[in-house]
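Below, subunit A partners subunit B and then partners subunit C, in two separate complexes.
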Partner chain A sequence: MIKALSKFLRELLLYKSALVGIIIIASLIVLSLYAVITIPYGESIKRWNSIEYWEDFPKNAMPSWVNFFTHKKLPENIILDSREQKNYVNKTTISLSGGKYIQRILFTFNYIYDDFPSEVILRIYSNSTKQFTTQITWIKPGEIEYILGRRLLRGYEAYYISRDEDFLKRFNANLISKIGSKPSYDLDITMALFAKEDLSILNRDTVEVSKGEYRVIIDILMGEEDINNVQIDAKLVVYGKVYGIAGTDHRRRDLALALLWGAPIALAFGLIASVTITFMQMFIAAISAWYGRSLDFIVQRMTEILMVLPFLPMVLMISYFYKITIWMLLLVVILLSIFGSGVKSYRAMFLQIKELPYVEAAMAYGASSFRMIFRYMIPKILPTMIPSIVLSVPDFVFLEAALALLGVGDPQAVTWGRVLEDAAREAALYKGYYYWILEPSMLLLVTALGFAMLGLALDKIFNPRLREM
Partner chain B sequence: MVKPILSVKELYLYYRVRAGLVKAVDGASLDLYNEESLAVIGESGSGKSSLAKALLRLLPRNIYRFDGNVYIDGEDVMKLSDKDFDSRIRWNKISMVPQASMNALNPVIKIGEQLAEPLIIHKGMNKNEALDKAREMLKFVGIPQEFIDRYPFELSGGMRQRVVIAMALITQPSIVILDEPTSALDVLTQANIMNLLKRIKNDRKVSYIFITHDIALSSELSDKVAVMYAGHIVEYSYADKFYREPQHPYSQLLLSSVPTLRENRNIRFIPGEPPSLLNPPPGCRFHPRCPYAMDICRKEEPPIIDMERNSYVRCWLYAKR
Partner chain C sequence: MVLILMFSRYRYDVLKRLGKYIIIRGIAISITTIIAIYIVILVANMGGFIDEIIKTEIQFNVYESIRNNPAYRGFNKSVLEEIAQKMIELEIKRFGLDKPFIYRSFNYLIDALTLNLGRAYRLTSASGSKQVRIIILERLPASILLFTSIQLMLFFSSLFSGLYLSRKYGSKIDKIIVSLSPLSSMPGWFYGIFLIMIFASWLGILPYGGIVDAPPPEHPLFYALSVLKHMVLPMLSWFIAYFAINTYSMRTFFLMFSSEDYVELAKAKGVPAREIEKKYILRPTLPPIVTQLALLLISSWMGAIITENVFNWPGIGSLMWAAIANNDSPVLIGIVTIYAYLLAITVLLLDIIYVLIDPRIKIGGVGT
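Let's turn to the complex of A and B:
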């Protein structure tokens, strides 16, 4: 058995296409195993559809490896959290006269990228509902200091620095007094926070990032009675423009999660659909050919009816009406396909086999119908089936993606098709987010290619008449 | 008096096809005694294989008439239901080496498992017991035991033939129908198989119904001979008598068409063609080709004329009028 298997493998590997196909499929399987082991299925869905989980991720960020190919380095995400004991945080208490204290959180970070960040958000967490006056100071390289604002803190507060129009006004005024003019275009607040304040800022094409050490100081004014009880923390997120190996989407979700979890789903969907449909079609064809007469008539007429019914519109209708999950969709696809054209072609093969001498001989020694079908007829055509099973896997992977793209996929599932649908809905190509379309498309293509290459090689081995001279 | 192990009385098997009725077996009667072998000879399409199929109830769907009496060990098996026939008679009492038996092995299962199939089906053995038995049987028909794990395509034609013969014997039936067991084999292999069949007959005490169109070969292994022509058994006789003095004109012509080694004589052939079973000639079915045809032959079917020792011939020439 093992010997036969290794002999078969050796023969298979004579075909380079089979080797490539096996490598692709094996890596997809490894990827799937990794996905399934590291993140459980339920968890992946919960995470993908949550909002809070992704709040520190940049929006529509490209994958970070684009920095290898571009001259201008795009910013990575920078997260500074005072709850973590890191050396970029400095928490101090300053005592003022009159029993007043200032709790100060100082964040220090180096900004060395060539482009501006996409957003800056400061979140302040307090364990008390008491009101405190807070002052936030932004210090650029070269000790240029801006007081971003004084505000009242009550519990949790999210301060969207990059939307602070008041700051922009003050910044512009400051610019006029400093270099005598203000930019002729609508300056972004992130630009104001990070730009060099010289003549280059006046033109959109020349505006430059001021690289160096940035400091953010959060001062909270509190009385003596609170200084030991109230715990205040802050998290500063400077959202980058690149993230991870796959980038993020419009809801800040890391595409890597969807692409990773898309693999097991695509493989499972494709393999289950392909294997079940092929085997069911074969069984139905075998039964139809073996028993013949009225059973054959009924099966063949049913097959013809189901072959005439348009497959895609049916699936679309069912998905629209019932909002089914991806596994229900799989079931629908299987049910609509088991009386497919395969029944016709397998029946034709079985009718031939039924007349072969060994089948007649088996009838002579009285093999039962069950035995005839499963031991004498089906094994005979199994070899021709294996390549077609492998070759039809990508059909179903594409089908799932196509249905998702048409908007009838499982609204919760994390699949490559769903990523494509989001991208299409958000006009990713129009906005220039090529990675968002290309990544899932490439994975789909590579999957199809892997199965096609293996399937064609298998076909040559199992059906030697196809083998080239 | 010794009772026959198989006794067929007036067996009919007609098929219905679009063009009409095919009278493949038309009132066949014969007796087969223990350890006896009966050669059924005739041209292609004379109903030899249909007779075998009728005995084993391997009936096609377009059956029109299937009746008569077939006694096996004194029991009329025609009265049994299909289920009873399958469980008690098929392969338990009567088995068959089918035509084109070189291709009668399932190409996707191993020889051993193939041999074990009748045991599993009819004797209710489990696979291991059956395989042990199969190994024994393989040895008996002269195939090395290691072939038990080979597939049919790895065996020569003669070996496959031996496997099929082993399959017919493995459940120890008392009657084996051999449907042209040596066609498509070369002459040496034929001789081997014939010797094997003789040895089996002596060792296992089985009775053969040996269907062939090779008259020379039939003389090797027969105690009795039945000549079939267009669905009728036209002559049923003992081998010792038949090969020396065939009675029916057809038998005579048939025997004189066989080339012989030592004599230098012209080989004769029978003019005309075998009749269509769909539309047989009226009267005696052989009359268009018969050198002795008389008026009555063209009008009336000849009766069965009993000869000595239970043999008979179907010919007006022997009718006492």
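Let's turn to the complex of A and C:
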């Protein structure tokens, strides 16, 4: 047995395409195992569909590795959190006259990228419901200081700095007094926060990032009674334009999660569907060929009915009307395919086998029908089926992707098809978010190629008639 | 004389058996078609659930119209309720929803089988008609134009290149085609996404989708050119997806036939290579090739749901999807019925033609 297996492997590896296919499939399996072990299935779904979890992730950020290929370095995400004891935070208390105090949180960060960030959001958390006055100061390199605003803090406050139009007005006024004119185009607030304030800012094409050390000061004014028991923290997020190995989507979700978890789902869906369908078809064909007569007639007519039924519209109708999950979809696909056209070709093979001398011999000694089907007939054609099982895996992976693309896929599932659908729905192609389309597509492509290459090589081995051709 | 008699006797026998065969085949095909259409009726109506949706919609519409109609203002509530109930009953009768679903499902079946396709629930044609027949006929040309062209192009190009490769198998070009065949593990629409990305989004030389520029050009020539421009990407996507595998299977198919004993014999006899190809290889391969072509053409009239969606092509495929998304079962049933009819007729015709033209097919028992 082991000898036969190793001989088979050696023969298989003679085909380079088989080797490539095996490597691809093996790495997909490793990826799937990694996904399943690190993040449980339920957790992945919960995380993917949550909003809070992704709050600190940039919107529509490209993958980080694009920075290797571009001359202009795009900004990474910068998160500064005063709850973490890091040296970029400095918390001090300043006492003022009259029993008033200022709690000051000072964030320092270096901004060294060639492009402006996508957003800037400051979140302030307080453990008391009392109202405090806060003042936020933004200090650019070269000690250019702006007071962004005074705000009232009660409990929790999210300050969307990059949407603060008041600041922009003050900034423009300041520019006019400084260099005599204001930009002729709509200056973005993130640009105002990060741009060099010289003549270059007047033109959209020349505006430059002022690189260097930035400081953000959050001052909270409070009375003596609060200074010791009110705890105030802040989190400043300077959202980048690149993130992680896969980038993010329109809901700030890290695509890496979906791409990672898409692998086990695609593999499971494709493999379960193709193995089950092929075996069921073979089993039905064997019974039909062995018993013949009315049973054969019924099976034949069933396959003909299934041939008239248009497969994709049926699957679409069922998954649209009943809003089924991906595993129910798998069941529907299997049920609609077990009387597929494969039954006809397997039946033809079985009819030939039925006439072979060894079958006749078994009949002569009185073997049961069960034994005939499972010991003599099915094992005979098993080898010819293995290539078709492998070759049909991509069909089902793409079927799931196609349903997702039309928006009838499982709304909860985290699949490559769903990522494609989100991208298509958000018009990623028009907006130039190519990574968003390319990443899931490439994974689908690699998966399909892997199974196709292995399958075609297996086909040549198991169907020797093809080999010499 | 005796010989002629025997011969005509033989002919008569063949004709009789052929007639019997055709009738039995015809009955079997009709039964499967009817059952398949009935299954589609059940699924498209969600086993009667769609009716409930439509009933609630009727109620809603009736109450709404009464509320908005100034003629009913000032009426007493119970009177209004009575009027509403009457109107709802009438509407339900008009839709034919007053009888149980099982009963109506057979009505639907008879309507479908007699090609009485009826009216759509929600969809309308561009001309504003609710007749299912008009809606389908309006979309059909777009699907035929695109997918029949694609299928014909694919079929003939792979037929001839397959034949060419079978002649010089083992050559470099043969190996290239064989090694390209894994490309076909991906569907056409998938390549469509890439092509849109390259030619529409990045290079900007071809349209993203649709059938004609907006606004459509006035001059018929420019109109045709604009349609052609919109056809390039979908056709190319299917060509990339299916050319290699089609050529590969055609080539293998011809190779199998060219290694038959009678071909070897002809070669041994010294029959010229052209002659062998024409008479000994092409002729016996004709029936399966014709079948394939016929089935391809019929399925091409149904369009392709996903490709049409990706390319925003207004054909039968996108109509089918619109019908599913709008719970519009009459349209769905109409499309499937037409498809089933075409398929059944084609299969029966092909059966008959083969019996007539292929001397190797013998009419034996029933159900072969």
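The rule we apply is simple: the second predicted complex is superposed on the first by the 467 of 469 C-alpha atoms of A that agree within 3 Å, B and C clash if a C-alpha of one lies under 4 Å from a C-alpha of the other, contacts with A are read in each partner's own complex, and residues count from 1 in each chain.
Please note the rule applied: a contact is a pair of C-beta atoms (placed from the backbone, for glycine too) under 8 Å apart; a residue touches a chain by one contact, two chains touch by 3 or more.
Predicted model, so just to flag it, every value in this text is computed and none were measured.
On the superposed subunit A, the positions of subunit B and subunit C stay apart, so the two partners fit side by side.
Subunit A is touched at more residues by one of its partners, and among subunit B and subunit C that partner is C. In the superposed model, A:P379 makes contact with subunit B only, not with subunit C. Within the superposed three-chain model, A:I298 lies out of touch with both subunit B and subunit C [touch as defined at top]. In the overlay built on the shared chain, the residue A:I144 is in contact with neither subunit B nor subunit C.
Of the two partner chains, subunit B is the only one touched by A:R371; subunit C is not.
After overlaying the two complexes on the shared chain, residue contacts for A:A362 are found with subunit B alone; subunit C is out of touch.
Across the superposed structures, the minimum distance from subunit B to subunit C, using CA atoms, reads 9 Å.
Per the touch definition, subunit A reaches subunit C in the complex via residues 17, 296-297, 300-301, 304-310, 312-314, 316-318, 320-322, 391, 394-395, 398, 401-402, 405-406, 420, 429-430, 432, 434, 437-438, 441, 444-445, 448-449, 451-453, 456, 465-466, 469.
Residues 56, 58, 61, 86, 90-91, 95-96, 98-101, 103-109, 117-118, 121-122, 164, 167 of subunit B touch subunit A in their complex. Contact residues of subunit C toward subunit A in the complex are 28-29, 31-33, 35-37, 39-40, 43-44, 46, 49, 169, 179, 181-182, 184-187, 189-190, 193-194, 196-197, 200-202, 208, 251-252, 255-256, 302, 305-306, 309-310, 320-321, 324-325, 327, 332, 335-336, 339-340, 343-344, 367. Contacts from subunit A toward subunit B in the complex involve residues 292-293, 356-358, 360-368, 371, 375-376, 379-380, 382.
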